[in-house]
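So, here come the structures, one by one.
Okay, so chain A shows up in both of these, paired with chain B first and chain C after.
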Partner chain A sequence: MADYTLRVRRFDPEQTSGPYWQEFAVELEPHRSVLDAILTAKEELDGSLGIRCSCRAAICGSCGVRVNGRPALACNTHLRDATDAGPAADGSTATVTVEPMGNMPVLKDLIVDMDAVHWKKIHRVTPWLLNRRPVPEREYVVPHEDMVDVTQTMACIQCGACVSDCLSMEVDPEFVGPAAAAKAYRFVGDPRDAEQRQRLRDLAEDPHGIYDCTHCFMCIDACPKGVAPMSQIMRLRRISGSDHQIVDRNNGERHEEAFTTLVRDYGLLHEAELLPRSYGGNSWFGKFHPAAGLELVDSLPSIARAVARRKVKPTQALRGHRLARRDLDAVHAIFERVEGDARRHELNLYLSGVEEEAPAP
Partner chain B sequence: MPAHDVLIIGAGLAGQRAALAAAQAGASVAIVSKVHPVRSHSVAAAGGINAALNPGDSWESHAFDTVKGSDYLGDQDAIEIMCRAAPDEILWLEHAGVTFHRDEAGRLGTRAFGGASAARTYYVADITGQAILHVLYEQLMKHHERVDRFEEWFTTELVQDDGGRCCGAIARDVRSGHLDAFRAKAVVLASGGAGQVFRPTTNALICTGDGMAQAYRIGAPLMDMEMIQYHPTTLAENGFLITEGARGEGAQLFNARGERFMERYAPNKLELASRDVVCRAEQTEIDEGRGFPDGTIALDITKVPRKRTLEALREIVNIGRDFAGVDITREPIHIKPGMHYIMGGVRAGTDGRTPVPGLYAVGEVACVSVHGGNRLGANSLLDTLIFGRRAGEHAAHHAVGLPMPRIEAARLRDAQAEIDALVARVPAPGSRRISHLKRELGETMNRYVAVYRDAAGLATAHEVVRRLKEEAPRAAIDDRGAVFNQDVLAAFELGYMLDVAEAIVLAAQERRESRGAQFRVDYPRRDDAGWLHHITVSRNGQEVPRTGTEPVAITRWQPQERTY
Partner chain C sequence: MRVAYWPGCVSRGFTPELHGSMEAVAPLLGLELVPLDRAACCGAGVIAEHNQELADTLNARTFALAQQVDGAELMMNICSTCQGAQSECQERLDANSAYRARVNATLDDAEPGLRYEKGLTNKNLLWLLVEELGLDALRAKVRRPLTNLRVGPFYGCYIVRPRARLGIDAEHPRDRYLHQVIETLGGTVIDYAGTYKCCGFPIVTMNKTASLRQAGTHLGDATDAEADCLVVPCPLCHLNLDLQQPQAAKVVGRPLAMPVLHLPQLLGLALGLEPKQLGMSKHVVKPTAVIDWSAAVVAAPAPA
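Here is the complex of A and B:
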């Protein structure tokens, strides 16, 4: 048994006092969960402490919270992992801080309004199968690998942990977000769905759609089920751009294409080329796209800041970085290897990471 | 006061399937659930769903396995209906979008499961329940104009008109504390099981027998309540489930001496005998000192190829890692029998109708009875869907010609007064907390109403339940608010659990034989002459419940000796 101080951010909407912190002393084994600690406090000390929970085993998705500032399911976060150093030897107790998830309004204590944000976004992606016709008399005959593949996104338990800490959503609350995008992939990756192209075009053309993600990886870290929402967003982009040649009005596809070709050609990003290419593709003519000029004017303050902080050197940004010949060849070799393979390799927890491992001793 | 043709209480698989079927049949539908539908406990069903869909398999074989699994207590007419309808239901699910795993040819793949004579379990890795539940919820979102969803509304009681017909329910919006009366021409109870009556249990915290108690309180009989299924593979400390799919994929059981002991108990089916058989074998090994010191048995999943485990048993890889600190692909995991499912419930016919007019019951809250004395793995998802659909359709067709019932405003006021009194309750000196009463109940039931039972233990359990029933109305309440007052819900749930527990104990005392999940050490034989019938428990308006009997429907399979 060890002593823990459970520090909970509480909020009672029926009082005018606003949110406040409350500490509960609980005694539990270190391998017990944060949910066990919350329920111990609730059952033994204060029954008014609000938390949604049900299965206790990380399958129902009810108990998404922030533990020490990071989104998690309370039920599958161990107390020993939730404290920095574990119970201190001098008898003082370790503190575990629990708060409601972010990006969603708090209803009471650790309970947030998922309908107002999470479920609204799920609705946004037409979250049901649009059957390929004709519907067969028996089952659709589809590759086993495809069903295993979409099982990764089917494994999403709608807990909201990824939504909680999505940085893009913090800046743009309209962003479709990681959970809904993963849900979208569940249909785009499903060979039984008839509207893949329409779904992709919809999410590519939406200014708050798949190109609104900034690759911050927070959702991948947050997800307790290995759904890797950001990876699904990147897959949606690849399928949209490469397989369906959808060139969106947000310049998302061209921006990504510009990134790729710049790295291929120069080995590193060429900042001055990125913006015009994002508008006009790789043609010289594109550099004079009027929108690019406007965007450039718009971006001047950011550029000035970056220069002032020495994140870029003006000469380097304008002339491009110089790589040693050998390094550049190595980059080219990577591109040749990847682009020369007819198959696209995706990371999927249901599929990957098996063969590479040595057999058990 | 919302008014609908069909009111569905509970939004797990049975409730959602009933809602979709009723809406499809043209009824106006409301579905009320105390949690968001995807949090329902159907989400935890892991291994799969049975159907004789493959050429070479037959519904008769599926039905016989089910009858035998039930220890001949299942109603064979209902079992026939379920097994005949199973293949079409699988295809309906597949077309609705369930991502069933395929075989090499791209057709629906199957895995082996306990008590089955063919591999007929369709699955999505080991998240089959989740995959189906989420797909049904997709369909509910799709049909949002035809099904009104009341998510996070807690039903407190069922309402009857003067003629005794069920005409709606009283429910509380958990988010605001607002209480309302839902009027309906037909009410479908689909509120799930009662695992929390036991501790530990594989069941979620929400499984508190609400619907069983609510129906029982308005006169509906409960049936087969003594039939509590223990699952052979649950984690010792917290009761978490390790799916039977693990054994279906080839995992084996060993005692502390390294013996594959199932060879002695079920020489043909070994680990894939019926759950009651495997549980008794494990418990005997443990009781006779051949288990591990912590009272467990070893489940060795390393017998399954690692790639297959990662692909098809992903969830238990997570559970082993997160809740037992074990990499199941590398070493055995320690397990023991744990409370998992209740075969009994509100007595219902094959259209879901209960003896109370206007009231239907489907899924785990109901007892049709397709599971009899022991449910086969992967038959519960099937039960929820088949009878959910049938009840939804029947209720919709039946409701069309009826007038919309009225619920007196006074009724709602009384219900509100009850809650107000509860919230204002001042704890008496020495009154215990709800959680303490619940814990004592759970531990008592798990001790005396478990795999092995006897008269003395059952009498003790009965005494404890009676005492807790007297104490419950004085239990302390902390929360005085309206928004998400979970204390109020816990107080209601405790009352439901105690009613259900009493019915379980009474039925277990009444059945003086051993059949299916009920093993009486003092009556160790099955006695078809004396006990081949269902036991019911009903209140009939009295405070003291009464037991009764119902015949078992036998169509084509006469009782035989049961060996695996």
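Here is the complex of A and C:
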């Protein structure tokens, strides 16, 4: 047995005092879960402590909380892992800090309002299959590999851990968010669904859709099931832009196209071209598009300051940096061979796993 | 120590002071930089978003070129985004021999004889400082400890997440290295909310308000925590936090004047270089205008 101090951020909606911290001393084996510690405190010390839980086996998705500042399932987190160094060697107790999830309103103590944020966003992406017509008389026959492809997103248990720490949602509460976007891929990737293009158009054109993801990897680390929502958002973007040529109003597709084209043409990133092309279109003429002009005016103070500080020399910035001829040829050859392939090759380690190391001879 | 040095694109483009300060500080750290000037952009996650195999192949070429550098112990980068994007590609390449063979066939086709062998070591300067050079050795090189400097660490997403891919564990607390380096140089680490958050740069063309709100919020939080400056190991973060700082101030509705230093600049100051040699006059929020480096910060007597 070891001693732990459970430090819980509490909130009682019937009091006006606002949130406060309370510490509970609990004695448990280090292999027991943070949820066990919370329930022990609730049973033995304070029955008013609010926590939502059910299965205790990381499948119902009820007990999402923040443990030591990181989103997790309380039932899926061992006490020994919840403290950086485990119980202190000098006999003092280790502290485990538990807070309600973020980005959602707190109802009471560790219980957040999932309906107000998480479920609303899930409903936003039409989370059901829209059949192809005509519906076959018997069951659909679906290629095995296509269904395997969507199993990663099907592993989601709707716990909201990814929503809790989404950094885009923190500054833009309307962002569709990682869980809903992963759910969208669940149907975009399903060959039985008839509305792939419409689903993608909807999420690409929405200013708070797939192009509002800031690529911070928070959701990948947060997910207790390996769904990797951010990776699913990148796949949605890939299919939207490359397979359906959806050019969205948020500059998402143009930015991706311009970035890729500039690296093909220069080998290195040509920043001064990337910005106008992202707004105005992916060609040298992009900068003369009204949208690029507006952005230029908006960015003028930054540009002027960069030039004044000799951070950027105008002639150099406009010319960009470029690899030597022989290296550019190699880069072009790579682009031609990979982009020339009729089928995109993707390796998803969630499905393929990692090869075992060969035993040393 | 000889390293295959990948400076990235932005350090030679819109943040030239990063590449410049790295070159200035390298001899003081005993680093011999062999630039990978034939390598292409890492794709910053955007090329991978467009076509995963394309990003993997371009980076495999960079890795292969690094492996050809005679006597280099490893590959070093100075950009969190390069580290993250390249680690992601390398994870796939190293995980599957059939996939690696496929990518190597493309490489051989593009440049006969070029081939990536599994198992390259690619470290950001920050990791190299702690794991290769060592904090004690770094401490011994400090000539002007940053005694009165209050520094807010800002890591950049790509170098702290996902933890498993980036090898962050109890043995390698890479998400604490920036804290450790600041302390080793004699500075004071400031605790503020933004340390591990996103600067907002990846969506600056898609949702400029949300992007600048991220930058502005972190800069404001650091200001409230009374930081003198932030330090970043990522030039893209630097663009949003420094170049865009006046715009970010408008979005969050408060005045901001927070200097943002590149990691090699902070090193250079402590190792005895002058702000000007480190390109600190090139920042939008001039560190020299906010802090008197010569008196307040770096004039403290060196430890006996």
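One rule holds for everything that comes next: the second predicted complex is superposed on the first by the 294 of 361 C-alpha atoms of A that agree within 3 Å, B and C clash if a C-alpha of one lies under 4 Å from a C-alpha of the other, contacts with A are read in each partner's own complex, and residues count from 1 in each chain.
Methods note: a contact is a pair of C-beta atoms (placed from the backbone, for glycine too) under 8 Å apart; a residue touches a chain by one contact, two chains touch by 3 or more.
All values derive from a computational prediction rather than experimental measurement.
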Open item on the list: Taking the superposition on A as described, I'd like to know which of chain B and chain C A:P301 touches: first, second, both or neither.
Closed with: second
- [ ] Would you check which partner chain A:P276 touches, where first means chain B only, second means chain C only, and both and neither mean what they say?
- [x] neither
Open item on the list: Looking at A:C60, would you say it contacts chain B, chain C, both, or neither? Reply first, second, both or neither.
Closed with: first
- [ ] Considering only touches as defined above, state whether A:Y211 meets chain B (first), chain C (second), both or neither.
- [x] second
TODO: Once the structures are superposed on A, label A:V263 by its partner contacts, choosing first (chain B), second (chain C), both or neither.
DONE: second
- [ ] Check the residue A:P143 against both partner chains and state whether it touches chain B (first), chain C (second), both, or neither.
- [x] first
- [ ] Report for A:P229: first if it touches chain B alone, second if chain C alone, otherwise both or neither.
- [x] neither
Open item on the list: Just to be sure I follow: which residues of chain A are touched by chain B in one complex and then by chain C in the other one?
Closed with: 349, 353-355
Task: chain A residues touching chain C - in the complex, by the definition given at the top - done: 84-85, 167-168, 170-172, 175, 207-208, 211-218, 220-221, 234, 237-238, 241-242, 250-252, 255-257, 259-260, 263, 267-271, 275, 278-279, 298-299, 301-302, 305-306, 309-312, 317, 320-321, 323-324, 327, 329-331, 333-335, 337-339, 341, 344-347, 349, 352-355
Open item on the list: Using the touch definition from the top, list the residues of chain C that touch chain A in their complex.
Closed with: 9-10, 12-17, 38-41, 43-54, 56-58, 61, 84, 91-92, 95-97, 99, 102, 106-107, 109-111, 114, 157-158, 161-163, 170, 197-198, 200, 202-203, 205-211, 213-214, 217, 243-244, 246-247, 281-284, 286
- [ ] Enumerate the contact residues on chain A facing chain B in the complex.
- [x] 12-14, 31, 42-44, 46-48, 50, 52-62, 76, 78, 107-109, 111, 114-115, 122-123, 127-129, 131, 135, 138-144, 147-148, 150-151, 154-155, 157-158, 186-187, 190, 192, 225, 349-351, 353-355, 357, 360
Task: Residues of chain B defined as touching chain A within the complex - done: 35-36, 38-41, 43-44, 90-91, 94-97, 99-109, 124-125, 127, 130-131, 134-135, 138-139, 141-142, 151, 175, 204-206, 238, 240-241, 302, 306-307, 310-311, 314-315, 318-319, 322-323, 325, 329-330, 433-436, 476-487, 490
